[in-house]
Amino acid sequence: MKTNAGRFFEDYRLGETIAHAVPRTVSGGERALYHALYPARHALSSSDEFARACGLPAAPVDELMAFHLVFGKTVPDISLNAVANLGYAEGRWLKPVFPGDTLRAESTVIGLKENSNGASGVVWVRTRGLNQRDEAVLSYVRWVMVRKRDTAAPAPAPTVPELAGSVAASDLVIPEGLSFVDYDLTLAGEPHRWDDFAVGEKIDHVDGITVEESEHMLATRLWQNTAKVHFDATNRPDGRRLIYGGHVISLARTLSFNGLANAQMIVALNAGAHANPCFAGDTVRAWSEVLDKAETAAPGVGALRLRLVAMKHGTEPFVTRSEDGKYLPGVLLDLDYWALVPR
Amino acid sequence: MKTNAGRFFEDYRLGETIAHAVPRTVSGGERALYHALYPARHALSSSDEFARACGLPAAPVDELMAFHLVFGKTVPDISLNAVANLGYAEGRWLKPVFPGDTLRAESTVIGLKENSNGASGVVWVRTRGLNQRDEAVLSYVRWVMVRKRDTAAPAPAPTVPELAGSVAASDLVIPEGLSFVDYDLTLAGEPHRWDDFAVGEKIDHVDGITVEESEHMLATRLWQNTAKVHFDATNRPDGRRLIYGGHVISLARTLSFNGLANAQMIVALNAGAHANPCFAGDTVRAWSEVLDKAETAAPGVGALRLRLVAMKHGTEPFVTRSEDGKYLPGVLLDLDYWALVPR
Amino acid sequence: MKTNAGRFFEDYRLGETIAHAVPRTVSGGERALYHALYPARHALSSSDEFARACGLPAAPVDELMAFHLVFGKTVPDISLNAVANLGYAEGRWLKPVFPGDTLRAESTVIGLKENSNGASGVVWVRTRGLNQRDEAVLSYVRWVMVRKRDTAAPAPAPTVPELAGSVAASDLVIPEGLSFVDYDLTLAGEPHRWDDFAVGEKIDHVDGITVEESEHMLATRLWQNTAKVHFDATNRPDGRRLIYGGHVISLARTLSFNGLANAQMIVALNAGAHANPCFAGDTVRAWSEVLDKAETAAPGVGALRLRLVAMKHGTEPFVTRSEDGKYLPGVLLDLDYWALVPR
């Protein structure tokens, strides 16, 4: 059997590190596609000149592009037989990624717990993205529910890792040299500085994007994500292609430019849930809530902890769950992240 | 309110200059996408070698790409609340744009006239695209009809700018170093030189492109154009997404390669009307008419003033208006421009 | 008549060489689009670092991208009036193509044979792709059936070129410097070396891709292929756009990563048939068969001769023809090529 059938729950060993395949060199091509696929307008990853005025050598690629590229590499080893992508934690961006960089990825199994039904289990991995100098550019924990190949296979001792509810502000990594002292609000597109945001403040990002089959497939292939459900209309009984959850993350984040144009860089992913599946034809909208604020040691740079919720058109903003505590059917994504903002 | 609601008619002041947000660095990625989105074949922006043989340091990006990038930046400030994009005039390309350049844009309000209904008015702006050396790469006048926020707001003194019916041949800016003395007609794809074109000559460009939703959205996002009507199927009562007029301009211009392969560079936009809206599913065709001819000071370089008309499949070429003077329903675009041609 | 009506059968002269128009400089943008349009994962054309570890100066663009770019240039001169694309032979990749290279193409007519109906004939051309140093990067023979403009035009003396059934292993050109001595199987994605493949072995590549209109059009335009049938829904009586055969080749080749991840570089195209047309909505699958094996002089580099068959979902793998010898309706492509594999 030459093809990859993917790993099943009993194939994972606690503590093992899996080196993922297919390193990838990024160029201005990936950036241009990011601008075509999403309404990406944050100035720092759009303009070399703007980035230089902020102390960086050039415009880094969007942080979510780095995330998608790393995530995509993990799919054949981690989530090919996944039933569900359950959550994210302790995500930190550690180095900006620039055109010319080559990314690879590896994941360490940090938790295993068989489900009581004996047919599947939860696997926790800490994934790291590395550049051509073997520097970590990104690290995050993800846990997925994975089928067992053989329900009779013995269950491993259950190990559930202890994960931080959110990345502490003191653990945020600010890119070397970053300074917002000479930050140009006009070029960035909005006048709101760190001081203008209050914890508890909510922003309806107003705009919407109706999603097409070809767009989510172009994006998902670009990240070399091979999960069949995204590309093969014969894979599900209903003949629909499930949209990669990361596509919704990027849609929501780029829609949030309208109101959060100055939340320039994502530096941490605290938590995230893909509340409901997204399909072509859905019109995606987004809203945000300011969860926390923190100062940083970098000149002129503050941090906002933001909740980003994506929803389908027709869903009211600012509400995510029904009385029974379940996500409303129109909620697609509930994400918790830290971003850097000029003070 | 953190989100941008856009400007209304009463928000514009005669003489003010608006600096538009989100500078953008272009790369080979944008060029590749231009080739994927449109049947772009003009050799000068396709091949570095061809461009060098014509005296340029490398292949510039397509002139319309520069236009779209600059236009896109103006949308949040100029046309978010526009009812209609009424016209263009006095457009001139002033410097070629090369991969690596960073573009920004600014617009000066040069005219204001409230409509008699008191609910809207016409705003004239002169927009300039600037590169990272603050050199103007493009300048054009556009006028749009914009809604008033408050119909009771007082009308400004009406000022209608005097605009040239077309850019004078003597005002055309030829890129520094451009020479068509060693122009290779075979590589360019057609044998017709400046002398082979006659004023009044009409060319049916024969080919057609059936437009898809995802294509016009990819293009329009690539230019960071944020107008809701292009992306959000819930925005119009009929559930259709209006295609960005510039997408039709690029479709028509690239279709015109077949017959005008040697009309290598657009140097001026004299006038333009988006005669009817275009929607996904339409098959776009194009025809051209030679309106004028001019010599230039550059070696081997002539100029043709061309009318470019885009129409839907089923519309006869060479006729644009019915007896009552109105555009026929199948006519999409009526554009008047100057292009450089080998002599 | 300024537009190109294409050549008809009687316009070709045995021995003439046609220089094709529109040279093209490739960049990281074309590579990024290749990754977005196809599930391309072969490490050698994905990562500069991986390519350097294999002795190349950087990651070349996918060999099929070079093929499509060269093929696209030939369309206006060779196949605009083609009734059918009949076959390929003696294809060899002679130099890798890197971002920054500029490609052009020329074709020599090596065979002509009028059909007995007097309405069309077969034209054989040997096409060469050349880079900016006039080095041949690719050479292949293609034959097409072309309509006559005038059925009364006299038939040329029939000349049918003698073509090799396959490229001899000794004629394969290995890129200068290529070495698989330090080949990293983990990064490449699969453990199977040249020794692990046996002649006669068949691999079902398992995955499938449902094709969208916009995707095949984006791809085909990217190669500056202008054949009307791919873009214009009004061109065929059934209102369907015929998908460029090369799009199916790239889909099948990239799907074959799953099982043939180590078949890194295509070096020869022995034969190929587009068995049935492909349309948007089809879900494409692929299987391969090992036809032959050969050693090469390059360190650690072996060659596999592979048959690659693309089929529509619902077609059983490993069978291509019905009892009467005709291709089954679900078979799209039957390709025979040589690829380089680590020993």
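In order of appearance the chains are A, B and C, and numbering begins at 1 in each one.
Just so we're on the same page, a contact is a pair of C-beta atoms (placed from the backbone, for glycine too) under 8 Å apart; a residue touches a chain by one contact, two chains touch by 3 or more.
Because the structure is a prediction, the values reported are computed rather than measured.
**Q** Please state the rotation angle, between 0 and 180 degrees and to the nearest 5, that superposes the Cα atoms of chain A on chain C.
**A** 120
**Q** With touch defined as above, tell me whether chain A and chain B contact each other through largely the same residue numbers, more than half shared, or through different ones.
**A** different
**Q** I'd like the Å distance between the centres of chain A and chain B, where a centre is the mean of that chain's Cα atoms.
**A** The answer is 36 Å.
**Q** Can you tell me which residues of chain C touch two or more of the remaining chains?
**A** In chain C, the residues touching two or more other chains are 27-30, 32-33, 99, 212-214.
**Q** Which positions of chain A touch chain B when the two form their complex?
**A** 27-33, 35-41, 43, 46-50, 59, 99, 186-190, 192, 203-210, 212-215, 258-261, 283, 313
**Q** Which of the residues in chain A come into contact with chain C in the complex?
**A** Within the complex, chain A contacts chain C at residues 2-4, 19, 21-30, 32-33, 76, 99, 102, 104, 132, 212-214, 217-219, 221-222, 224, 226, 228, 231-235, 241.
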